[in-house]
Amino acid sequence: MTPSDLVGGEAELWHAATHHPFLDGARDGTLEGTAFSRWLVQDYHFALALSRAEGRILAHAPREDLEVLAQGIQAMVAELGWFERKAAERGLDLTTPLHPTARAYADYLQATTHEPYAVQLTVLWALERAYLEAWRTALPGAPAYREFVEHWTNDDYAAWVDALEAAASRVLAGGGEAEREAFRWVARYEQDFWQMAYTGGDG
Amino acid sequence: MTPSDLVGGEAELWHAATHHPFLDGARDGTLEGTAFSRWLVQDYHFALALSRAEGRILAHAPREDLEVLAQGIQAMVAELGWFERKAAERGLDLTTPLHPTARAYADYLQATTHEPYAVQLTVLWALERAYLEAWRTALPGAPAYREFVEHWTNDDYAAWVDALEAAASRVLAGGGEAEREAFRWVARYEQDFWQMAYTGGDG
Amino acid sequence: MTPSDLVGGEAELWHAATHHPFLDGARDGTLEGTAFSRWLVQDYHFALALSRAEGRILAHAPREDLEVLAQGIQAMVAELGWFERKAAERGLDLTTPLHPTARAYADYLQATTHEPYAVQLTVLWALERAYLEAWRTALPGAPAYREFVEHWTNDDYAAWVDALEAAASRVLAGGGEAEREAFRWVARYEQDFWQMAYTGGDG
Amino acid sequence: MTPSDLVGGEAELWHAATHHPFLDGARDGTLEGTAFSRWLVQDYHFALALSRAEGRILAHAPREDLEVLAQGIQAMVAELGWFERKAAERGLDLTTPLHPTARAYADYLQATTHEPYAVQLTVLWALERAYLEAWRTALPGAPAYREFVEHWTNDDYAAWVDALEAAASRVLAGGGEAEREAFRWVARYEQDFWQMAYTGGDG
């Protein structure tokens, strides 16, 4: 099994995970500021959970994957600072409670750190790949959102996702149903996350 | 309780953790190459365990400590590469089994990641502080070992240990017997580790 | 803070967690067999996750709580066998995938095993207390469901929940916002779980 | 690989793990009371660590192994109460600090709960099998120690170790070097533990 097999085999789910009116609105400028703010706050919470989950994933990793994972942790922690600065500029309160949709995704992440390493790495790769592809659909970004769209599609980030995909390729070579199921859950949660930000609810 | 209270309150143990004929020999050139090689191989194993333990510690950390911990992980993973290059230069086999003394210390580290965060951070700070102080006693280092002595006492590393100590100060402010006991175990294991490298056994 | 403070302080949420048309239907016989089957299958999945979470909670517990937690694990594992026999009698397929609502709750459980012990125990107590109180509203149970209603309200189970509440009282004495928030999430997930079983969806 | 392959393949280590002057002395009555007391206190600490490790192992176990593991947790927690009563009868202080040898073994146990499940189960089986076989060499036990020797060789315990061995057989069927190495460490630690109790030190 390869990363491409997963993406290709779940094409519909993957498309839904990486295309959304939220992203279209960030491209053409029609996205409501309140929806973007809601997304920013909830994604900050998720990024915090992801930093910690990456710590646990690294704790299970073989020697050869430590560099790409350490780099990811470093970048994710730097990202938290960036979120905090952007939230401050926009007057957003980052102590807003976790939305149930964001909580379910963050808890899924934590829970998968109890699964075998191949599942953990599949989850991490899939969510980063989805995030990158999703934001690419918003390029070049409407003026109000351009800075953000560029930030989440920049070359360094893309190169890191490629390195992560190379690591995922190694574990997926021996992967099976557990990895495929994890991929589907990630795709589903990605879609839910955009939807939650866009509408403010679960619907 | 402060970091200084711990160091001062266990002065004898701390001295034994940071002064050893092994280090004297690295300074004056009398250290046997076989002892140094033994140390290098076992410390590599320990560094690998420490990288993973740091991942777990970061997973438990409050927001304010994430930067110093992420930086530590990054540096420790880079250190693994450095050990591997130095081992290759010296023709050392890094697949040599873990010595019981190194295993006990590495397992202690893993086990403490199940303790409250304050204990985890105390352990991490104490071992890094001991390592830095120990290598400083070997400065400037005999020609055969100078490169190593300088590597483990450099300014970047010292600054990072200071940042870690600032984080440890925060958790130790509310610390008690559990943190003191952890400090003592670290000091004891540091001493055992030098002794193991120096003599090749437990004695 | 006491268990009663939590229940009393979140009276509306707690009522919603422990009263539901699903339970009314189990009492008066109007509950659809398909809804009950759906519940049985998803609750089996949840019970499996709960057994494992209880193992982790016990791993964090002080000496004095080990008996009540060990007893809970023993009972929960026996419960899995009971679910399997009842599912077989009814021709139900227990390999049916986890519903997103059941997954979110199960993952929440796993994720909280990374929180301090007081939060873990609060979660376990709250969910068992809610389960017992909910099934009590279905007493004596319509003939079709009587065996189940009696099983989940029996004296042994009630006595164990009381013992768990005594342990929870000890940790809640020093509890705060984290425990209150956990209590709210449990109440919310309990409500969602009945609703999911009743309607088959999230709505 | 089977359990017998491991025992047979490491016959010398296994013999040293299960035969010791400590046990001979418990059989013929020459064992010093102070050595037995030291053993009792340190084994209590180890039993506490083992209870918690069993919680973690159960959290990783497949459905089919949950019963044997839940039974083990229940029995181990009951054992803690028994140790406490025996210690009280003998006026022993169970708050005595962990001996380095007991700590190394207990931490090894905790650390292996981060390894794949097959390794975890191999460790648990190996240590229980060694414990049973060791105490059997002390049968029927000198009058002063008979109660203890009988307690740790009784039929219920032996039947449980057999059930655990059946579970271990399943995971060892796909086992390799990691399981063999774990088996060796357990055997080594068992031997160290008797020696520590017998002499009071590491020598």
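As written, the chain order gives the labels A, B, C and D, with residue 1 at the start of each chain.
Just so it is clear, a residue touches a chain if its C-beta (ideal position, glycine included) is under 8 Å from a C-beta of that chain, and two chains touch if they have at least 3 such contacts.
Because the structure is predicted, anything quoted here is derived from the model rather than measured.
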Neighbouring chains common to chain B and chain C, by label: A, D
Farthest-lying chain, centroid of Cα atoms versus that of chain B: C
Between A-B and A-D, the pair joined by more C-beta contacts: A-B
Centre-to-centre distance between chain B and chain A (centres being mean Cα positions), rounded to whole Å: 35
Separation of chain A from chain D, taking each centre as the mean of its C-alpha atoms, in whole Å: 45
Inter-chain centre distance, chain B versus chain D - centres from mean C-alpha coordinates, in Å: 31
Interface hub residues of chain C, defined as touching at least two other chains: 59-60, 114
For the chain D and chain B complex, residues of the former touching the latter: 100, 103-104, 106-108, 110-111, 114, 185, 188, 202
Residue ranges of chain D touching chain A (in the complex, touch as defined): 59-60, 114, 116
Residues of chain A touching chain B in the complex: 48, 51-61, 63, 66-67, 69-71, 73-74, 76-77, 80-81
